[in-house]
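Chain nomenclature is as follows: A, B, C and D, assigned in order of appearance, with residue numbering initiated at 1 for each chain independently.
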Amino acid sequence: MRVGILTGGGDCPGLNAVIRAIVRRGVPEYGYEFLGFRDGWRGPLEAITRPLDIPAVRGLLPRGGTILGSSRTNPFAIENGVGRIKKNLQDLGVNALVAIGGEDTLGVASELHDAGVRVVGVPKTIDNDLSGTDYTFGFDTAVNIAVEAIDRLHTTAESHHRTLIVEVMGRHAGWIALHAGMAGGANAILIPEVRFDIDQVCEWVQSRFRLEYAPIVVVSEGAMPKDGEEVLLTGEKDAFGHVRLGGVGEWLGREIEARTGKEARTTVLGHVQRGGTPTARDRWLATRFGLHAIDAVAAGQWGQMTALRGADIVTVPLHEATQQLKLVDPALYAEAAVFFG
Amino acid sequence: MRVGILTGGGDCPGLNAVIRAIVRRGVPEYGYEFLGFRDGWRGPLEAITRPLDIPAVRGLLPRGGTILGSSRTNPFAIENGVGRIKKNLQDLGVNALVAIGGEDTLGVASELHDAGVRVVGVPKTIDNDLSGTDYTFGFDTAVNIAVEAIDRLHTTAESHHRTLIVEVMGRHAGWIALHAGMAGGANAILIPEVRFDIDQVCEWVQSRFRLEYAPIVVVSEGAMPKDGEEVLLTGEKDAFGHVRLGGVGEWLGREIEARTGKEARTTVLGHVQRGGTPTARDRWLATRFGLHAIDAVAAGQWGQMTALRGADIVTVPLHEATQQLKLVDPALYAEAAVFFG
Amino acid sequence: MRVGILTGGGDCPGLNAVIRAIVRRGVPEYGYEFLGFRDGWRGPLEAITRPLDIPAVRGLLPRGGTILGSSRTNPFAIENGVGRIKKNLQDLGVNALVAIGGEDTLGVASELHDAGVRVVGVPKTIDNDLSGTDYTFGFDTAVNIAVEAIDRLHTTAESHHRTLIVEVMGRHAGWIALHAGMAGGANAILIPEVRFDIDQVCEWVQSRFRLEYAPIVVVSEGAMPKDGEEVLLTGEKDAFGHVRLGGVGEWLGREIEARTGKEARTTVLGHVQRGGTPTARDRWLATRFGLHAIDAVAAGQWGQMTALRGADIVTVPLHEATQQLKLVDPALYAEAAVFFG
Amino acid sequence: MRVGILTGGGDCPGLNAVIRAIVRRGVPEYGYEFLGFRDGWRGPLEAITRPLDIPAVRGLLPRGGTILGSSRTNPFAIENGVGRIKKNLQDLGVNALVAIGGEDTLGVASELHDAGVRVVGVPKTIDNDLSGTDYTFGFDTAVNIAVEAIDRLHTTAESHHRTLIVEVMGRHAGWIALHAGMAGGANAILIPEVRFDIDQVCEWVQSRFRLEYAPIVVVSEGAMPKDGEEVLLTGEKDAFGHVRLGGVGEWLGREIEARTGKEARTTVLGHVQRGGTPTARDRWLATRFGLHAIDAVAAGQWGQMTALRGADIVTVPLHEATQQLKLVDPALYAEAAVFFG
């Protein structure tokens, strides 16, 4: 059997570890051949491939990113996309696909499965907002990077009288902000799931200043003030002609300065959060996802994806996992709020 | 209500984070007072205390170790130990205890509970071998430290022709070796649960040398060769008059050198694995254990301990958790073996 | 003799290590007493002090920031500032001062020396732009933090087709950008000493894209395009009523996107660069500066500051060190340019 | 012109960065071709080569180890070694050599230069014991790794009552122990240059225990007790028939336990110290050494090596640099001793 592998969506530490595990197990255990597809769904759509055998995956375990490249190409948005994929798979002699990706990539995988393509999924998102699995790889790495930055800011917080704001990833779900803020000892954590009240934030900030220790605010890029997102519009257009949404971190800095009369400084961690070598845990999870994905292929579990349940790897239907985002539970947010102010 | 807190057993990153979370929630939410007991069970046994209020726990989140100190004192091995503890608790006005520790400390807690002391437990072991919880804090930190060391050794492995052996913690269970070896890309992982065959190990080593890349062997301190532990006896007595058991890592180095004719080098990570600041995940877990432990006190869940199930914190009976060690499952070890040789 | 110590200017990893070394040597070797002044020159100006003895400096070596606090107070800008300082020193029985700081703090120290105050300086700036010393502590830490971020961005650069821009500290001198860019493998490094040509930058970026590997641009916050700083003005006013200068990193991102038609992403490292524990080298340098500073006090070398020359610590006159900034030499910048494009 | 490059001796972070810099500058600036020789002097001796051009050095900057491999082969210990090297260089059309290595490798280079081979050297040793240069690359990385380990041990030292011993590299010179011990806050540092008195060490240890904080002892692998090395002989023979010298770290542990009655634990960092990615400073130094080495080739500075003087790169005669080891100065050791006990 010949199995195709592709990686879609934003890059994420652990993608290469999944690819390596699939190949390292699939070749000797099942006698499979492997073919890498380039740049997500663009690969099978345009039949762009690269060979994948055991020598090709040597050294991949600790390497961030993906040797297969990635894209956000959606074959369902392209004329006869599904037909072209089916034809290419047939022409290349590829009998099954492992698709590694987030909501979008796995959503396509789920639909392709419905259209008769033999596909198994592996969930991936540093945002940790995929349903059906306790955690996704890449998330632990992103949180550790954010916590390391917050730890460093505490030093400045001890020596100066400034509000320090850290904007972390998380457009729809606040998992990174929640974990990093709780592990980093933040005085306020603002997440997309709960619209924040700028007056309340300033109260927390002021209460911290009274302890003679500067406040640290961790905010998801997708967090919004109560008054709505229109306050974040800058009016500028970017290179692609879209009206820019000013970063919520910068906006917070300006508002907190204006309301408290004390300086504020914003750090936007950006892509640093998704780069570099995966943590031990993310390598472990990615490796096990890879091993179980190829077992799922061997077992003919089409339309399923690997998932973490406690310390076990299980499989769940793709459509269940991609139906709705996993958001932060209010009870969990209330735990973090014990440390606000 | 006045609540006592103690930490027992070996030190472990995250202990301080538990203490901080208990106090930060217990004071404002429940109006409790807190008293720290020094050096594990020695504290309540000899009434050695230190005050614990909100200012006392400031800055504790990222700090490894335990501000309360620790010991392996067992009150059941001491004449009228239980009676003395009960009297001291009464004299100090302490109505409930939170005991943070491993198998021994929680075993004592469980027996004290049977003897009528109001106690809640928090599980702690870097070895991750406690039943009843998916993971314990400290484990993730230990694994990451070991993986960082293995990553560094890969550099030497690429440039020289030597077997590199890394001895990690784990006297009874191989969790650290298994996770670190799998995340570090080891060519052999030896754990206490499975007696190893030195000939098999040398075969893996030789097979790796044929790839022109030096082999890395990760071994738990408690792993044993098939021939039995007697081969590890050095004959020397240590300062306390016990016959020394030579480290299995050193023994492996000598045997592999003798059998392969190629140099071997052993690194014993030792206490470095349990020091330093906790990882983001361990801080998160320790903090949540602390929050849920004080909620368990408030709910009168005596004889219970906090536990991780998936992404949730639950409580389980102490006696269930301390009945038997959680060992590495053979199926899990077989997953790791995909990468041996 | 009673010796006062103060720290001025921005916080910097290693300040605490200097304080510790001064006290650890000064007490047993010379029998001195020490008094800490709070918040830079505000301390002696307003007689705000905190006691400093050997127990007070325990644990300070690895701690970033400064336990004495800091400020940018300038006694020469305050009515009778010098007179008040002299009187306070006399009233407090302080016979000598050690001033740890950058250009401003040491400039004040130099003038106070001319005015008859017995003062010894210790140079400090993460920007490394102080004359008279090969390096200052804090710089090595800042560069390592920036390089770690750049290393992470390389992962994304391998997987996506985007220009990645990293803005680092350095308002007047490009030392951090130069070292971090060179150690991080940047494709362009822009520093304040050399006005950059945006067309040339885009050429480097394009040449990198042709290698199928995304370009990384490291830019000092103080770097300026050839056309002058007016292009960076945003028109907005900040909370203090000043017209904001848009960050050069953000500006570069917009310009490069517009000119190359490919996405660009900017990371502004900000205060993360000056926080956290110092590197080994910064601890070593800070500790030795402290030891030699108190020796200079004992030797009566007033008006001098400690300095690094090769592997040796020497003393140089304060006024020499503060006369002009140490800028990046064009020959050194040319070395870095070998790797541009 | 065709230039050969080789790396000799133990591996060291930064070797690859030197190779990259030589090629990145040598090709476009001077129009040179490059040829890599494998495994130190074995390469030119046996004409084992690998091609080296700009694509071949891509990605090398952050990678530890050496893509050229290394060995301790000495052509002067081999029949007609020099003649064979000369002939091979001629046959391969190699007009000049850059030899990157430590005392042994550069000693050979110096003698080959005397024998008429056109060679330029680049100094390399993580031990930092080469004369003629302020520092060598690899040293900063080794020291940082050791300090990170010591930092972690402090956590245990705060919680338990044990002596913690860290054995670091340094067979003949104590530079790593000195820097790491001083930056890590060790209570005793033992180096090869000064025979230690075990009674004095135990005194420092006991004095630390009186502060209720466990002592940390940093010891070079080459440090010796006053009574001589015979106390370290274990009587065992290793796989190659040599009588083993027991590690000084283990010996210290046993002696301190026996004399103080308190447990001691030894960590031997071993090869972890020379692995992994170089620090920012080592990358900077290695890169600049590479750039200046190829400039030295272009200038015909045969028999010279690159060296660091302050913040400048200079060249010095190879024979000067390899005449005698650079040992720790007693005055410098006295600075460290301020913190003993």
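Going forward, contacts are C-beta pairs under 8 Å (C-beta built on N, C-alpha and C of every residue); 3 or more make two chains touch, one makes a residue touch a chain.
Quantities reported herein were computed from a predicted structural model and do not represent experimental measurements.
Novice: Looking at A-B, B-D or A-C, which pair matches C-D on over half of its contact pairs by residue number?
Specialist: A-B
Novice: Just how far, in Å, is the C-alpha centre of subunit D from the one of subunit A?
Specialist: 41
Novice: Using mean CA coordinates as chain centres, what's the subunit A-subunit B distance in Å?
Specialist: The separation of the two C-alpha centroids amounts to 30 Å.
Novice: What whole-Å value do you get for the distance between subunit A and subunit C if each is reduced to the mean of its CA atoms?
Specialist: One centre to the other, that is 35 Å.
Novice: Quick one: which residues in subunit D touch 2 or more of the other chains?
Specialist: 151, 154
Novice: Please categorise the chain-chain contact pattern as a line, ring, star, complete graph or other.
Specialist: Contact pattern: a closed ring, each chain touching exactly two others.
Novice: Per the contact definition, I'd like the list of subunit D residues that touch subunit C in the complex.
Specialist: Within the complex, subunit D contacts subunit C at residues 21, 24-25, 29, 61-62, 134-135, 140, 143-144, 146-147, 151, 154, 179-180, 182-185, 277, 279-281, 283-284, 287-288, 291, 309-311, 335, 338-339.
Novice: For a test of understanding, state which residues of subunit C touch subunit A in their complex under the given definition.
Specialist: Counting only subunit C, the residues touching subunit A are 11, 13, 63-66, 69-70, 145, 148-149, 151-156, 158-160, 164, 238-240, 254, 257-258, 261, 265-272, 274-276.
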